Each structure stands twice: as structure tokens, then as C-alpha cells.
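Sharing a structure below in C-alpha cells format, with a few things to ask.
Chain lettering (A, B and C) follows the sequence in which the chains are written, and residue indices restart at 1 in each chain.
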Amino acid sequence: MMEMLEATGLCLARDGKTVIDNLDVTLSGGERVALIGPNGAGKSTLLRLLTGFLAPDRGECRLGDRVLSAWPREQLARRRAVMRQQNNLTFTQSAQSVVAMGRAPWPEKQTSQIVAEVMQLTGCDSLAYRDYRQLSGGEQQRVQLARVLAQLWQEGRPRGWLFLDEPTSALDLFWQQQTLRLLRQLTRTGDLTVCTVLHDLNLASLWADRILLLHAGRLVAQGSPQTVMTEKTLTRWYQADLQVVSQAESGKPHIQLRV
Amino acid sequence: MKHLILLWLLLTLPSLAAERVVSIGGDVTRIIYALDAQSQLVARDSTSLRPAQAARLPDVGYMRQLNAEGILALKPTLVLASAQAKPSLVLQQIARAGVRVVTVSGDNSLQAIPQKIITVGQALQRESEAQALVQQITQQIRQLPQQSLPVKVLYIMANSGMKTMAAGNQTAADGAIRSAGLENAMGSVPHYQALSQEGVIAAAPDLVMIGEDGLKTLGGEAQLWQLPGLALTPAGQQHRLLIIDTQALLGFGLDTPQAIMKLRQAAESLNHD
Amino acid sequence: MINGNALQGLTLMLIFLLVAMVVAANLGAMSLSVRALWQAPLSDLIWQIWLNIRLPRVLLAVAIGMALAVSGAVMQGVFRNPLADPGLLGISSGAGLAVALAIVIPLALPPQLALWLPMIAAFIGSLLVTLLIFSFSRLAEGNLSRLLLVGIAINALCGAAVGVLSWLSDDQQLRQLSLWGMGSLSQAQWPALLICLLLILPALLLLQSRARHLNLLQAGEEDAHYMGIDVKRTQHQLLVLSALLVGTAVSVSGVIGFVGLVVPHVMRFCLGSDHRWLLPGSALAGAILLLLADTLARTLVVPAEMPVGLLTSLIGGPWFLWLILRQQRGFE
């Protein structure tokens, strides 16, 4: 049974402006959470607060029985991993060594074996010896995903908390599908929670079992896709002319933009 | 075996064996030649260019960038170093290796010259020659007029790649000018200063002094008088220029008393115009 | 993960360095081959000279070459910039300013102290600049780009101050100052060498122990944080150790350029970016380069010597160009 991630009363201001405004959210083990909201809503910032990179001005974030800041660095790194939208390397490095970086919090012993397993799982084993900087955007994203999965890899599969910021933005349809299916499959055991920022509302609807809708630093709606992604809610917070229909196959909401 | 004996001889019986002398400092080298001891010289530093024969000896480099092994490879028995080369770790290393290192101290004054000669003479065991030379130099110094002359002299230094500068106080040029009983036109400022139009006009020099190399750098006398403000000075209006031998006048070595005499004579001739 | 190729490369370089050291110990202004030494009794003068002049110089070249190259590699790794070099934070400039002050301002010191004055001044200068930089960085929340700006400012200020001092100095002092700026190992003596080793060797070992952290920093500060590194603390440690290496090297030998910038660069071509191999590789290559340059410096214009900084540029420059041209793909 996994611990819970509880954020209470999170507040953060930057340059006098409120970025996150009194936010409460609880994430539990095995969940697939999608974080959505218009630009500037504070999604990336919330991610940074939930992962411990930023400290809130007020409020706290607890992972299990401890506040995030009380977790020893290495232990926390073994328990939660983050994949950001942009990853730049200055110097040449093989894709394999990038993935191997993810094993930093762990002892050296099984690194090569785990790296090989994870790269196969994410379909980037063919990229192993290529220069990371020469890879296409999509290939780089798959390598980054392999890295964060490797970071949480324990006894045959990733366990813990995985935070992703737009993990599919550069992927083509095939790889978007593969990645999201992989992530869903990995959460089934209940040992892995995935919380991801997604721009594509339809992907969020199909994949997530819980939606968090952020607007101006506040959590304005949360729940299942059917509950949150209604025409009324989305039009109000996105201020766009939308139509929401129920998808035939899955029954999940399908968002269509009226142009 | 032969090698070892020779080495032993060189180190333990200096009075019997020939001295091998390394000279560091242009003024020191000059004195060695004047004492007729150049047969003992095996090398010199990069500032020792007089007399011309000295330039043919191996060059151990600039006096503040010496190489211990390089000097020791010449198997010297004596190193005569100008005070300007000190303090030096390399000279200390050489002394520790058993070579005699003698410092020839002296400042930028006429009085220092006899002292330098005596030090070199003693080190080379040429005391009688040294005494004779000291007499000669002292005579030359005594011949320099004692009264001061109210003539303002400006020394211009022009090295390629640097701005043209005038010598203020605390420079060798200032020492030379005052030793000639004259006034340094820029004597109120320290060290070397860049020529400024107003400064030069205010200084109002009666005579301008420049080295041969400096004049070459500027491109000739015509270019000299075009320097900021010079044309409006008494020296500039009458084109009163003295071209000097820089090493002789400013080195405070053997040639200095005569060079100062020349400067004094040039200043005196101005008054007659 | 052990990189077989890298290990091979390092072993080869180590062997080459040892051979180079023996060769360098054989060469010099005096004809003192190791064989002649072997045959002569210990009390002999040539042993004296070899032990007190040549040997310390060879060892110093190795130590300083290692210090400069590794310092450059660390700077490039921390700032994630292939153009970073040990002088980036202004430490050599600070040392240079201190030396300029020592040269130009007449101080009446006991003769023994006066001998060591430039070295002591340079070391104090480096220390002061290091303290200055780190107190500034604490004020500015340890932001790397702020640190870089402070370094640029220090470089500019010290350069200007040295300029003023040059303007105030006479020909002699000016020449001495510019020679210091070109570097020389002629001050190699056992006391200086031992202090050098005492400071450089531990710093090199400590940096090697941080090599994995340096690798992780390449992913960016935020990602390195997520992977469990205390980013600010690690950066500070790396920069302080790098400053110690540069400060020590510059104090003893003056400014020797090129080694810290180009050696890590070239080693990255050959050994890859993994700092566990890159740091030792840079150390060995830096030692070889400086040893080669210094041996030439003290044998080409016997009995004088050339400033070793000129030779490192003359040797390193064409080598570097050749490597760039050889590179098939784009440059880093």
C-alpha cells in the first residue's frame, strides 16, 4: 500500500503576483492524474511544489508521514522522479548514459541491466549508442521517459511517484499511444502513481482516471474526466468555444473546438 | 675521470684556474670590459649590449627571467649580478650549487658608479685596474659644472606599441637631468606620464631630449615637433633637440658622466643663442 | 559502468606521461643523462643539480599541468560551457593584481621573504578573490550566471588596476609583470613544490570523488536536483576546489594559458563526457602538455628560457585546430 501525497494550503507568490493560491490536493497510490488548465494557470509551478523543487510560501506538502523538505535527498530521489518539458545537454553523451543518470540515487551494481530493461520497455534500445543531442525531439522524449522510469525502478518495475510535464508533446501518434498505454499499464499494480501535465484534453480524458483543472493558481475542478470535462466547466475556464460529446467507444468526454 | 678532476679544480682552486664569469646587467658588463677582464666572460644577459663584442656572447635571458640550469650549464665560477636582478630565486639556487654570486648594487646617481666599479674590480681581482677606472670616472664627474642652470629639459620616451611619454621625477632621466645641474620640465609628476597638450605647454621646456631609437619610432624630427603641445614651447619654437645615447645617459654606468657632460653643454649653448 | 575504451586510453596516457617524465629528466641545459647520474656517486655536484633543479621542475610541470587541466574541466562542467576556463571567475586576475602590487610598490622586507614575495602575493590574491566571489554568490542566492558576472567584473577590475600599476611602473617592473603574465616554471624549488603538491593532490582526489555529481549536473540544475543532488552545495564545492587548483598553480608559475581551456575540450573528444574518465584524462593530458612545453622552454634557447605560456599556446593551438578539422560532425 503506497503512501499518500498530500498538499494543504499551498501558496506561492513571485514578484508580488500570486502564482498558486491556497491549493489543496491529495494524490494516492496507483492513480493516473492529469493536470490541465489554460496557459499561465500554474501547472508547471504546482508540479515543482509537489515534487519539492520549490518551497511554498505558506502551506505544506507531505509525502507519507513527512514533509517533503524533511525527506533526505537520496531517499526522495528514489521515491519520486520528474520529467520536464525541456532537457538540454551541452556536451555529447550517448542516450544510454542519459538513461543511466537516472540510476544516480541507487548503488552502482545493477545499473547496466536496469538501463537495458527500461530502454527496451520504452522502445529506445535502438538509440542506445547514439548521441543524445543528435536525436529528434520525439526520440529525446522517449529517452527522458526511460531515464525517469529507471530512477524509480525497483525489483523489476518502477515504483513510487512519477511526475511528467508534457511527456508526449513531440511524439507522433504511434509513440503517444505507446507511451500512454505503457504508463497506464505500469500504474495497474498500484505501486506507481503518475501525475502528468497534458495540453491535449482528449488524451487527458482517455488516459487519466482523475483530472485536476487549474486556473489562475487555484484548483477549480477535480474528479473523473466525465465529471470535470463538461462543456460548461471547460468553456468557463478555458474561455474558448467548445463542444463536448461522449466518445462512442469509451464513453469518455471528447472535446471539440469550434473554429 | 678527467671530467671530475677538472670540475674539482674549477671549484676548489679558483685562483689557479681561469674564472668563468656570467655577467647580468648592462652596466656590469660594460665595467667588466672597461677593466679588460672580458676574457673571463662566458655569458651575459639580454640587457648587456655594450660594447658590441658583448652581444656575441651567449644570452642567458632577461635578468628577471633567468634559468638556473641554463646558467649552471655554462659551468660558471662567478656570477656578477646587477642589483636590479635581485631578489631572485634562481640566483639563490645558483649560489647553493656552489657558484659565487656577487651583487653589484647601485642607484640612479653618479655617486653609485665608482662603487659599482670597485665591487666588480674586487670580484674579478682587478683592484688596481678598478682604482684607475674609478679615478677616471671621478675626474669626469668633478668636471661637471656645479652651479645649476635654469634650463628646463624634457625627456621623451617613445617605444613602439606604447604611447609617447615624458619623464617625471623618480626616473633615471630625471636623475640624469639633475646631475647635469638642469631642471626637469616635468619634474612635478612621478614616473612616466603620457604627453598632454596643456601639460607640455605649462612645462615650457627649453630643450627636448630623446633617444635615437625613440626618434626612429616617431618617424623623425618633423614628427617629434608635431607631438601635442610641443610646437608651442620654447624648445619647439626654436627646434632645440638633443638626441642622446639612451643606454649611456640613463644607465648610470661608465658612459654616463660623459653623456651628462654632453647634456650640460647642450644646455649651456642654448643660453648663448 | 566501466568504459573499456576509456580505461585503455587512460592507461596509455599514464605510460606516456611516465616515459615523458624520464625523457624530460634527461634533457636540459646541462648534459645530465640519467645514466650519467647512475654512475656518479651521490655526493657529486651533478646529483645536487639534478635533485635540486631539474627534478623539482619536472615534477612541478606535471603538478601544475594536472591542476590547470582539471580545473578547466570542472569549470566547463559546472558552467556547462565548453568555453569556460580556469580564469573565468577572475582568480588569475586577482593573483596578477596582487603580484603587480608586490612588484610596483617598494616594500622593505627581509631578504628571504622578498624572494618568495611574488608567490605569496599571488596566493593571497587568489584567496581574496575566491572569498569575494563566494560571499557575493551567497548574497545573490548562488545563482551561476550571477557568479559568472561577478567573475567578469573582477577580471575587468583587476585588469584595469594592473593597467594603472603598469602606467605607474618603470620599464623594469613593467617587463617583469608582463613576463609573469606569460608564465614560467623557473621558480621550481622543493619548498614551493611540496606546498604545491600538498594543495593540489588532495584537491584532485576530492574532485575525482565528485565526478558522478558533476555528471548529473550536466542534466541541468533542476533535473540534477530531482535525481538527489544538493545542487548549490555541489557547485560550491566544485568551484572552491577548482579555485584552489588555479590559485596554487598561478602563484607558483604565473599565468599559463591554454591548458585549462583546450585540454578538457580535447579529452572530451577522445574520452567522452563522463567525468569519471574525463577528470583523470584531463589531468594526464595537461601534465603531458605542460611537461612537453616546459622541456622545450628550457632547452630551445639555452642558456636563456622562453616563457612556457607561449609554448603551450604554440603547441596546443595547432593540435586543437587539427582536432577540430578532423571532427566529422558538428563541433560541441
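Definition applied: contacts are C-beta pairs under 8 Å (C-beta built on N, C-alpha and C of every residue); 3 or more make two chains touch, one makes a residue touch a chain.
These numbers were taken from a predicted model, which means no experiment stands behind them.
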Remaining chains grouped by touching, chain C not included: A | B
Identifier of the chain whose CA centre is least distant from the whole-structure CA centre: C
Between A-C and B-C, the pair with more C-beta contacts: B-C
Centre distance in Å when chain A and chain B are each reduced to the mean of their C-alpha atoms: 79
Whole-Å gap separating chain B and chain C, where each centre is the average of the chain's CA atoms: 37
Inter-chain centre distance, chain A versus chain C - centres from mean C-alpha coordinates, in Å: 45
Residues of chain B touching chain C in the complex: 7, 11, 43, 46, 58-62, 64-74, 84, 87-90, 92-93, 96-98, 171, 190-192
Chain A - residues contacting chain C, complex: 51, 53, 73-74, 76-78, 80-82, 84, 87-94, 97-98, 100-102, 104-105, 111-112, 131, 134, 151
Contact footprint of chain A on chain C as seen in their complex: 1, 80-82, 212, 215-216, 218-220, 222-223, 225-230, 268, 272-274, 329, 332
Partner chain B, residues of chain C touching it in the complex: 28-31, 45, 48-49, 52-54, 57, 111, 114-117, 167-170, 172, 175-176, 179, 184, 186-187, 189, 298, 301-305, 307
